[in-house]
Amino acid sequence: MSAINAQNATEAIDLCVLANRILANEGLFDGFGHVSVRNPENPQTFFQSCSVSPEFVNHDDILELDLEGNVVTKTDKKPYGERVIHSAILKARPDVNAIYHGHPFEVIPFSSLNIPIRPIIYPGSMFYEGIPLYDAYDVSCGMLVTSKEEGARLARVLGMKRGLIMRDHGLVVVGENVPLMVNGAIFCRDNAKVQYQTLALGANPKYISYEEGYEAFRKVTNDLTVSRMWDYWVKRVRKSNMAIERREYGR
Amino acid sequence: MSAINAQNATEAIDLCVLANRILANEGLFDGFGHVSVRNPENPQTFFQSCSVSPEFVNHDDILELDLEGNVVTKTDKKPYGERVIHSAILKARPDVNAIYHGHPFEVIPFSSLNIPIRPIIYPGSMFYEGIPLYDAYDVSCGMLVTSKEEGARLARVLGMKRGLIMRDHGLVVVGENVPLMVNGAIFCRDNAKVQYQTLALGANPKYISYEEGYEAFRKVTNDLTVSRMWDYWVKRVRKSNMAIERREYGR
Amino acid sequence: MSAINAQNATEAIDLCVLANRILANEGLFDGFGHVSVRNPENPQTFFQSCSVSPEFVNHDDILELDLEGNVVTKTDKKPYGERVIHSAILKARPDVNAIYHGHPFEVIPFSSLNIPIRPIIYPGSMFYEGIPLYDAYDVSCGMLVTSKEEGARLARVLGMKRGLIMRDHGLVVVGENVPLMVNGAIFCRDNAKVQYQTLALGANPKYISYEEGYEAFRKVTNDLTVSRMWDYWVKRVRKSNMAIERREYGR
Amino acid sequence: MSAINAQNATEAIDLCVLANRILANEGLFDGFGHVSVRNPENPQTFFQSCSVSPEFVNHDDILELDLEGNVVTKTDKKPYGERVIHSAILKARPDVNAIYHGHPFEVIPFSSLNIPIRPIIYPGSMFYEGIPLYDAYDVSCGMLVTSKEEGARLARVLGMKRGLIMRDHGLVVVGENVPLMVNGAIFCRDNAKVQYQTLALGANPKYISYEEGYEAFRKVTNDLTVSRMWDYWVKRVRKSNMAIERREYGR
């Protein structure tokens, strides 16, 4: 999958901007939420937008941060308050190079009712090993994860999984690279939507089994499939006039 | 939050027009509904469009009204029939400077079934103190609130809260300034949508608790967050070609 | 309401085209469905498009038909197979000058389950006298109403009401003029949508009562309100680039 | 229906591209899914895009394949992994000349819960003879149908029917020609949507009966209706700026 792995910091920044735009275009972001991409030139830092809404992130919004959540870039721009979600996971998971955090409505009922999300559509098999629930908030942080302690705790609950839902709050999805993270975020939302509709209609749906999911995971994450989907998301965001080359839009 | 508080009548009128356009763009209005903004130069009057649909409100539609609901502006233009909702609340609540009234479908089931709206998404914590139900209509007014008596009664039911649902009719949201009112209207609708989906799937969701909501309210209403969201709504409405500078559109 | 009543055949044809475009723009039509407008110059005939999809109806598609469903216009163009719905109602109801028939998904569950549609949003009070269910199909007509006998039977089931649902098929809404018919179609769909959501959440919602509806009906159908809504639908369809002046679009 | 049957290979390729675009425009495709059209000049081969997303299929993406799923065209382009769904059905069903396979969310709950899809809207009567469920996956294929053996098994489960749902995966719809296949895919999705909403509201809806469906099937599949709908889909996709003549878009 080398073609879709960032080879240097410039490519990582490009992918970070594009991932923000793509995920907004596919409905994975409201005004809040964020993306991070590890720096291929220095795995102890990562790239992330300053505090602006993902739909409107531009290249000059991207900051470099370290794995304690400190801003390395010399700038007056403010980072996201919840950047510790990203720094804590990137510290705990050397296999992860890209992270999504957002608030798709589709996952909230599962988090509030503590109903596990299980694969019920083919691409949902990306999550065949399960999606843990985070419900260990510091009450004084007001449902946000803004302290290093809570970031580390969230990373522990995530463990080696690919996604995590936060009670009454949202979703975290990680990937080995940006396209896998983007696919994971979109497919997790889609799977939750279909699982919701199914459970609202009847009990005991026949989910994709662990063994089915094990095989399907390998299909949906192979190089060819990931490249094809990435090509699709990029074409769609360009078609929506939200592409990078028009990033002056809205100013 | 001074930058987002109107400093004079001109700014208040600008914000009033923009709030109409933003809230229509975010799906908070059908053909009916209205916004009001208190006059910073005279707290005994407020600004509101004449009787046109919010999606198409322009600067020259804005009227000045007093707290009895009388039109102060010399004009032949007709005011909204339900302007007393605004005048009565602005009279009873000196802390309030901006009001939304609309009919988002998402809140109606809660009003018809008398199920309290409770915070289940982070920004829904704006309403952690609860949202009362108004169901004391004068039958002869045909489900509208058009008399001063009924306006005053509605203001009493609202009390010191931030929002109120009207049975089989709609929603009222108030704010200290326009951005807080806009956020409140959008987040209340969003919270109702997610709470609906959750309750349709299972009983006894784990809501955001009062203590969690107390803290989260302070996060979601702080200056930085409100400014960021305002910037987001403005960019979105411009992107939708509904912005003020194109207000000749549709003529 | 004289300004929104067609005064002559030319105005009636204009309104017929515009109503097709407006109702398609508001989601009331799929590829099928139709509108009719009585001829103000000859109440024994009416105007209706030839057999094309409402979203793309143009002036030169409009035919004149008589109250038996015969095409009066000299043309090779084919009329709609279900034109007898319109001719039969216009014959039975001299008070009616405009009719909508379409298939909004929102009303189908009510028709299949024989659950009455009842007012639960303010504009839904247009239907406070009830909406009968038609389920007396000639099986040999394949769920369509294409014979004069079945058209007359459908008109009898409608009686003096403002709307009728057809089992597993769709909706008929009538009006004294085009704007009232357009409002009725849109508000009936909206009311069904909200009523559906409410009933899916809980039993025994508090509907708008008959007395409340009686008064609300008078509000929502008064000249001022109807004019304002008509202005709104027209601006929206123009904004969607579907307006009459662009009727060459799509060729 | 000769006007809508491809008369030669060039027309079949045109229809194949257009069907991909139309079905994407009507929401029948995500990034995956595919269309096939039998070659009128050689019924032992068919046309299908190489492995790109249907929304962006162009003329130069179209490959010729044989009924074993081998690519006949001299090219380096990769075919779809699931092309055996198409080759196996075209081999088993000489009456079929066009096939859709996609993953509309609306059908998944029926597949997971093994609830039969039954006609509940007029155009859903295209499926009055029933829609079988495929749940005989080779686990090692990861929920995809990529082997000739599994393709042949799927074709056996389809039998002489017009559609088939695949558990936790998607939908197959076949047609005598491209317009009938396109209508079938869209109407099956629509019918599933309405049936879902109905069953979520109440038990025992009154479906379109077998005899009603028998007659309605003949109406909805007659030449006039199919031509009108085809005209509608084509106009809509052009209006969405996704038409063939703009196929350079997005590059």
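Letters are used for the chains, namely A, B, C and D, taken in the order the chains are written, and counting of residues starts over at 1 for each.
As a working rule, contacts are C-beta pairs under 8 Å (C-beta built on N, C-alpha and C of every residue); 3 or more make two chains touch, one makes a residue touch a chain.
These numbers come from a predicted model, not from an experiment.
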Equivalent interface positions on subunit A and subunit D, same or different at half: different
Subunit B onto subunit C, rotation angle from CA fit, given as a multiple of 5 degrees: 90
Distance between chain centroids, defined by C-alpha means - subunit A, subunit B (Å): 33
Whole-Å separation of chain centres (CA-atom averages), subunit A against subunit C: 46
Residue numbers of subunit A (touch at least two other chains): 200
Interchain contacts (touch definition) - all pairs: A-B, A-D, B-C, C-D
Subunit B-facing residues of subunit A, complex: 30-31, 51-53, 55-56, 78, 103, 105, 108-109, 112-115, 135, 137, 139-144, 167-170, 196, 199-200, 249-250
Complex interface listing, subunit B residues touching subunit A: 119-122, 125, 190, 193-194, 197-198, 200-202, 204-209, 211-212, 215-220, 224, 228-229, 231-233, 235-236, 238-239
